[in-house]
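Order of writing sets the labels: A, B and C. Residues in every chain begin at 1.
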Amino acid sequence: MTDRRVRIALVCAVALVAVLIPFLFGPYRVGQFTLVLIYAVAALGLNLLVGYNGQISLGHGAFFALGAYTGALLIEKADVPYLATLPAAGALCFAAGYLFGVPALRLRGLYLALVTLGLAIATPQLIKRFDDLTEGTQGLTVEQPTAPGWTGLADDQFLYLLTLAAAAIMFLAAWNLMRGPIGRSVKAVRDGEIAASTIGVDLAATKTRVFALSAAYAGVGGALYVLALGFVAPEAFTLTLSFAFLAAIVVGGLATVSGALLGALFIEFVPVYASDVNDALTGVIYGGVLIAFMWVLPEGAAGLPRRLRELVLGRRHPEVADREDQLKAPVRGVPAGKA
Amino acid sequence: MERFVQVVVDGVATGSIYAAVALALVLIYRSTTIVNFAQGEMAMFSTFVAWGLYEGGVPLGLAVLTTLGLSFFAGMAIERGLIRHFEGGETLTLVIVTLGMFILLNSLAGWIWGFENRGFPSLFPDDSVTLGGVRLSVESLGIVAVLLAVVGLLTLLFQRTKVGLAMRAAALNPDSSALVGIRVGHMLMLGWGLAAALGALAGVLVAPRLFLDVNLMGSVLIYAFAAAALGGFDSALGAVVGGWIIGVSETLAGTYVDFIGSDLKILVPLGIIFVVLLVRPSGLFGQSEVARA
Amino acid sequence: MSLLEVEGLYASYGQVGVLQGIDFSVERGQKVAMLGPNGAGKTTVLRALSGMVRTSGRADFDGGSLLRHPTADIARRGVAHVPEGRGTFASLSVTENLKLGAYARRDAAGVREDLERCYGWFPRLRERDRQPAGSLSGGEQQMLAVARALMSRPRLLMLDEPSLGLAPIVTRELFGVLGEICAEHAMTVLLVEQNARLALDFADHAYVLESGRIALSGEADRVKSDDEVRRSYLGY
């Protein structure tokens, strides 16, 4: 079985399972899976920026929050039909991401990380500050979509399938984009800006657009979040959320589309079980996982099949080998071959 | 007028704490070009250890000194055991790893000592002296004095000792350093050890002023970053001056400007970082283009 | 037993093999030149001996293997490597650079003595002793690099293309001083050089490296006087 056919078969299998979920589980579980899809969309956005383009953002929770509140306010205060809130939130976040991306061009990796970290920390405060709009700590309750009669579905099932459809579209779009010439430019920027510019990639345009796009994805995720939960409050958008997105793409796999889904599964289910044991355990797991994955599996879970195949067959695919060598390089002043 | 001087001195004291953490950040950055996002949480963890020792009956001064020593060794161990594996690699990898440490240490501290806040005793008497007609708190003056002493010791170390020279060399040119017999790995460990001890010192100095809980150093870290960015990430002098500027601005703004409530105070250093990086990325004293993309 | 004995040495950068199994040796007090065209692997030889590249084979210094040891340890055993491009600490002062050369030594008095001696050999360095090394001219930096290596009282001095980028006058001066020092102290030298003529005047024995293999080995005088060899291997 060729690689390609295995992949197609896998995608079909996953898609099939995904569609069947609302009919296999009860409302609580279905709700969880809905959240998984939502986180996957946001994580995918972050992955476009971090994994594919190499820009570091620790503040995607902010764009997620922006999308969520946009959606909430449009529904509650402007009576906008819920489906329309998705593109609206996406567009607004695209613009916001673009605005942020322009000055971000001037910030090297760690400074960008720093500023976005600050953004993530500031988000709940900012939400509370503008409380005439956002209702501050009280939060906003939002009318949720109900299943139209002719579908014969329960509300939670309808919500899930709606989210699934939206997520599928976003995933396909991202996958398609990254596969083509735009994707190559994006990745070229990550792998070496000087080299990229010599082959004609417009660095500034690429980077700001990717930032904008990744923010848009987070925004759509946020808008879906509002629909799924029917409620938004500042506490949902703390630093932990931004860290969770980062953990999702590290665990799932940087620069992979499927990785976002795997990572989202991780961040939805692990903390639930972890917090049963101990309040602090979630954090310990997140932190430990981030470190462990960068050490052992920098390509994330999506890289696991490849890694297993290497172990069995004993060779490395050149593209992966290069990327892995980039991520972990030997220590200076120490002889080559000793890490 | 008296009030103004008091606020400024207070600001310099607070700024000294930011400066201490900023120095730690700069120390690690200069030797390894890594920004240690976990610097604050390491300091918080150390502060808890000091608290634990004190609660266990150890006199405060001894508890603090012991903690400084333990932190030094812990810093060395972290460099050797964890960071070494990733050195020389991509920025992104190291950001994620140090963030992972941030999250891990934060939760680990909560696991061990709980998430409630508690008090931490001050190293200085709760007193005030009158200088030039102005009443100033001993604690504020003490903090500034400690920082100046630390800066003095570090300067001695780096400018006048063999080890200090070797550390500078290792940071400047690891290959050439190896060729003269300097074990670069050891120098890196020393750098992380010193940084950890500096952080711990900052922690025990700031804890009496805030409450000791797992989020003690969260905002301090951001302020320290702002100080380091302002001063220039590769300049120790910059870290100190930057720290003071930020400390004084913070207290002045907090006292005299009403618009900035305590919620949004954190935006001040963030704003400063942003502006500095846009206008003058190398900071006030920095030399290299560390920030420019 | 030779001070340095190399047999079947292979060296590679990542997947790219550079040295394809070379044999050579350096006796105590001998000055050996390693010559050859660009890309032959001359620099790699020194880097291999200093533990900076992946190697296999045998390379023994005073009976002990050099391979698979960290660079700093090799330096501490008395192998002083003056790298290509000089490797000075540009923002540190001349004195600090020299002191770093003596880093592994424990005899402070001896270090002070040697510092004076270095300034004696290279008076221009004394004139600039407080200046940052990066502000020195190319020739002065090369002298600094050599002086730094000498500060460690090495048993083997390895020089990588010292004439690179220097004006002929400066190069002659440098080699003149080097010759004096070697005569005075019976220094053992392994010299990698592009400038074959200069190297052959200086050295006792020469090897010619081509595409990672030793193509020729012989007494420096003989190599110098063999016209055919000079033309085909050394380009003059």
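Here is the rule we use: a residue touches a chain if its C-beta (ideal position, glycine included) is under 8 Å from a C-beta of that chain, and two chains touch if they have at least 3 such contacts.
A quick note: this is a predicted structure, and the numbers were derived from the prediction, not measured.
**Student:** In terms of CA centres, which chain lies closest to the overall middle?
**Tutor:** B
**Student:** Counting contact pairs per chain pair, which pair wins?
**Tutor:** Contact tally peaks for the chain pair A-B.
**Student:** Taking each chain's centre as the mean position of its Cα atoms, how many Å separate subunit B from subunit C?
**Tutor:** Subunit B and subunit C have C-alpha centres separated by 43 Å.
**Student:** Could you please state the distance in Å, as a whole number, between where the Cα atoms of subunit A are centred and where those of subunit C are centred?
**Tutor:** Distance between chain centres, rounded to whole Å: 54 Å.
**Student:** Nearest whole angstrom, what separates the Cα centre of subunit A from the Cα centre of subunit B?
**Tutor:** Using C-alpha averages as centres, the distance is 32 Å.
**Student:** Which subunit B residues touch at least two other chains?
**Tutor:** 175, 177-178, 182, 184
**Student:** Which residues does subunit C have that touch at least 2 chains other than itself?
**Tutor:** Touching at least two other chains: 52, 70-72.
**Student:** Specify, in ascending order, the residues of subunit A that touch 2 or more different other chains.
**Tutor:** Residues 333-334 of subunit A each touch two or more of the other chains.
**Student:** Give every residue of subunit B touching subunit C within the complex, in rising order.
**Tutor:** 162, 165-166, 168-169, 172-173, 175-184
**Student:** Give the list of subunit B residues in touch with subunit A in this complex.
**Tutor:** Contact set of subunit B toward subunit A: 35, 37, 82, 84-93, 95-97, 99-108, 110-111, 115, 170, 174-175, 177-178, 182, 184-185, 218, 222, 225, 229, 263-264, 266-267, 269-270, 273-274, 277-278, 281, 290-293.
**Student:** Tell me, which parts of subunit C touch subunit B in their complex?
**Tutor:** 50, 52, 70-73, 75-76, 80-81, 83, 87-92, 96, 99-101, 103-104, 148, 152
**Student:** Would you pull the subunit A residues touching subunit B in the complex into a rising list?
**Tutor:** 50, 54, 56, 58, 103, 105-111, 113-115, 117-119, 121-122, 125-126, 128-129, 193, 243, 246, 250, 278-284, 286-291, 294-295, 298, 326-334, 339
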